[in-house]
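What follows is a pair of complexes built around chain A, which joins chain B in one and chain C in the other.
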Partner chain A sequence: MATFNVHVTIENKPGISDPEGDTILNDLVLKGAHKTVSKIKTAKMLKFTIKEKDKKAARSKIQKICDELRIYNPMVSTVTIDVFNA
Partner chain B sequence: MSLEPQELAELKLNIGRDPTSTELQIVAAEWSEHCSYKSSKKHLKMLPMKGPLVIHEKGYDSGVLDVGNGYVVTAHIESHNHPSAVEPYGGAATGVGGVIRDILSAGTRPIAILNGLRFGNIETDKHARWLFKNAVTGIADYGNCLGVPTIGGEVEFDDCYHNYALVDVAAVGFGKKKNLIKNHATNGDLVVLLGGSTGRDGMGGSQFASDSLESEDRSAVQIPDPFIEKLIIEAILEARKQKLINAMKDLGGGGLSCAVSEIANTLEVGIEMDVDMVHTRESNMHPDEIMISESQERMLIITSKTKLKELQKICKKFRISCSVIGHVKSDNQMHVKKGKKTFANLPTDVIVNATLLDLPSKKPVYLKTIEKEKKLRPIFDYSKIMMNFLAAPNIASKIWVYGQYDHEVGIRTVIKPGHDASVLRLDNGKFLSVKIDGNPKQCYINPREGAIGCFEEACRNVVCTGAKPIGMLDHLQFGNPKDPEIFWTFLESLKGLTDFANHFKIPCIGGKVSLYNETPAGPIKPTPLIGVLGLIDKKPLIPQRISDGDCLVIVGDTKDEMGGSEYFEYIHKFIGGKCPSVNFVESKKNMKVVLKVIQSQLLKSVHDCSKGGLAVAISELCMTNQIGCRILLENVPGEKLDVDRILFSESHSRYLLTLDKKNLKKLETMLKKSKVSFKLIGKFRGKKIQFTKGTKSIIDLRVDIAQKTWLNSLKDLVLHG
Partner chain C sequence: MKVGVVVFPGSNCDRDMYHVLTDVFNFDAQYYWHEKSLPKNIDAVILPGGFSYGDRLRAGVIAAHSPIIKDVQKMAEKGIPILGVCNGFQILVESGLLPGVLLKNESLNFMCKWTNLIVENNKTPFTNQFKLHAKIPIPIANGEGRYFVDDDTLKQLKKKNQIVFRYTQVVNGSSNRIAGVCNEEGNVVGMMPHPERAVESEINPVDNKPSSLIFESLLVKMGVTN
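Take a look at the complex of A and B:
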């Protein structure tokens, strides 16, 4: 068994509006001198530390947790899971 | 998600050709149950809509009442059941947004929100808790960001909403009569889309709302943005002030398809529009998608060419997008183009007038035996039962819910949530009292009497504040209308409401029908929800603190009507028995006399007796005032009944009057004169809630312990399971 750090990023599905990201872009970033920025999306990240036999097992375990416990609502959001060696 | 074969045939016959794909999408959206009311419209006409205070104008999305001195109140009710069942946070929040825009579209400022929430059994079902918690947060976040107070509502749990949610939102608006928008349009006027951008979210929501939720097709979620909504409110009200708006409509179910066709049809004009001019969130959206997208926070405005510049200036000031998407024509056609190419060109009356259905109805079989009571297990310790009861989700204080809502912003809220009805101060020196009520448990047992009961309860609640009911909103929520048994329950409820409204001369000023509310386990119980607005000319009865020695007088008879009661269903897990029924004559008499004694300022407070019966209503008085009481059950007027029936029967038309001992004589004289049934049933004193019958103690509880349970149990259940 090895220890892994797993980052779960929860964000709105593409095509679904993101009022918070839009506000940060339009009312903060573009108000300054940062005209090269064209999009900002907000997301929430959960960082798990987990003991599993390999990266694959860690990933599928975390995906299962997120699905079963409704850590995110699949109607609105997507999750991206990144696994790192601890 | 499309037209039925006979509807398609009819459309072809009407236009004499095959419809294009865009035309199909537009018609499918408009002919959905959600937009066309095709199953219910024929019957809804029975409700009385006229009254001395009701103002009718074409194209209003909300009801308008004249409250005197040049002011009007507007009100509307909507639900967002299907979206909330899959995404409770966004579904509930956008529900608030939608009904707020209906208020705005008459040209009035939204001043209050109420909501009625219904979920499955949160004691046993984790998913129901998740839905409940997120729907409440959604409403709180949206309403609080908008600066519109959420002043009241109701929350109920029942197994029939398993895996589902009923989220009903009512809103109240206020403004000057002369500022009401008089919807009109002339040839050459411009059609402007104002507010949020159009995206792929909420695609086909109105058809989604007209299907059962059993299928996995759940794409119609919408994302709330209360800050844009707030800007829209301010921009529209400023444009209204400068008289820049000829006509206006909110974009709700069916998106542009419905808004454009309906406004054109109401104003008897044609509209030609170009989808390329619509400001979209994503590129490459197909015209069909643009036409049926239900992206939130959008309004459609018709303005004159000469006023456009001023309107654009206001939009710029509030930093909201607005685009001219088309213009008004005189041909009664809805013409949708993309650049030069035509995608749809249909007569508006064809789009708007779906063929109304005359569905068959049949009395449900289950009703034959439902009134028969089963033998209940005997209760030995009513104090223990009472403690369980006070912690029951349907009885427990809803402070965890309304405590999350800003109910004071705008400083109009004179009577806050947690009492019978909430009261708002109006600018003309009068007060508006508002309440919504539903009772699916009783409506299941007797759809007619149950619906009347909801109506009477809402009236009772506003009467408790000293208000005279002046208007009613109805929201009729049922299962699949194509099931004759369900349709029968719909018709019975509607007939009951009509009879009550006629007898009490309370006009129906608006409403909504939501059908196809089905869960995998079957249809929901009939859930009509009634909102009542009451007007107080002088001063509302703000509940005063009850103190030692004060008297408790009950008006109205307690009857053997336990069907659908919380006691039967929660304590005995029994669905059945006789549903409480309203005696119109008695009801009117009681209402009148209670209003009269409130005006003569004899009372400290009036509390309505409903869910949980007398025992709960009196305990609530004790707990909110932190004072004990001694109640003599043998004094309760009505038939001779067993103890459990006196305590827990939910008979209507009952009011609990609290008053200083010195006013008792005067009160008794007034009540006697009007020949109502009443009795002094107890006094407030000490620190214990005590009910006795003869020499026997029935209930004996410490107020502080009861209060702790009552206040905290709902919160504990939601947060800690």
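Take a look at the complex of A and C:
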């Protein structure tokens, strides 16, 4: 068994409004001198530490946890899972 | 006529609800801690408002995994009237008893204000005393109150008459101005506004009678009055 750090990023699906991201873009970034920025999306990240036999098993376990316990709401959100060696 | 008021860690409208049920409408109400089970002879269940688990992760999602929810699900299947108010609505949605999701208000603000509802379904245990399209002046108090469903689900809600309450005007950006919905069978109802804060004339500056009909509907459903 090895230890892995797993980052779970929960973000709105395309088409679901993200007023916080829009405010950061329009009222902060674009009001500065950063006119090349065209989009900001907010997201929530959960950082798991988990012991599994390999990266694949760690990813699979975390996906199962996210689905079973509704860590994200599939109607409006997606999760992206990134696995790193601890 | 036993009504169970479920209490989660962080519920804060449970006592208001209990007061209204017992002192205003003479229900035999009882609190049930979320780790306990519900008795089999209960006639209705109410999930009150508040901030269960401090809204951590997402409003209602952690409470949706509380042991008592399995009993609430069983009672929902039996057709027993179940009402979720505010955080109670969020918990019903997150437990899969009602469709949709409650997102942060479009303004990102916690909104505490009086709104007006329109009754869109007067067949539920909590709306059977209303005329269709009756208006209800009622307060909201929430940060994650923007009801959202995708287009396909919205079509299904309309088709199956599951939209129970809509705001008269845009309040928080909710889909189709929805403020409350029910399950397909109609016995499980969730609503963001707080009827328990609107049924007494002392604290309702507009008109306390419409909100009272929500509880009077339940009395009628339970065969207490006509």
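Points to keep in mind about this one:
The rule we apply is simple: the second predicted complex is superposed on the first by the 86 of 86 C-alpha atoms of A that agree within 3 Å, B and C clash if a C-alpha of one lies under 4 Å from a C-alpha of the other, contacts with A are read in each partner's own complex, and residues count from 1 in each chain.
Basically, contacts are C-beta pairs under 8 Å (C-beta built on N, C-alpha and C of every residue); 3 or more make two chains touch, one makes a residue touch a chain.
Treat the numbers as computed from the prediction; the structure is a model and nothing was measured.
Looking at the shared chain after the overlay, A:T23 reaches both chain B and chain C. In the superposed model, A:A2 lies in contact with neither chain B nor chain C. By the touch criterion stated above, A:R70 is placed in contact with chain B and with chain C alike. Overlap of the chain B and chain C interfaces on chain A comprises residues 16-17, 19, 23, 70, 73, 75-76. Every residue of chain A that touches chain B in the complex is listed here, in rising order: 12, 15-19, 23, 70, 73, 75-76.
Interface residues of chain A facing chain C in the complex, by the touch rule stated above, are 16-17, 19-20, 23, 69-71, 73, 75-76. Touching chain A in their complex are the following residues of chain C: 57-58, 61, 64-65, 94, 100-101, 103-104, 106-108, 148-150, 153, 173.
If you check the complex, the residues on chain B that touch chain A are 86-87, 89-90, 130, 196-197, 199-201, 218, 221, 223-225, 227-228, 281-282, 295.
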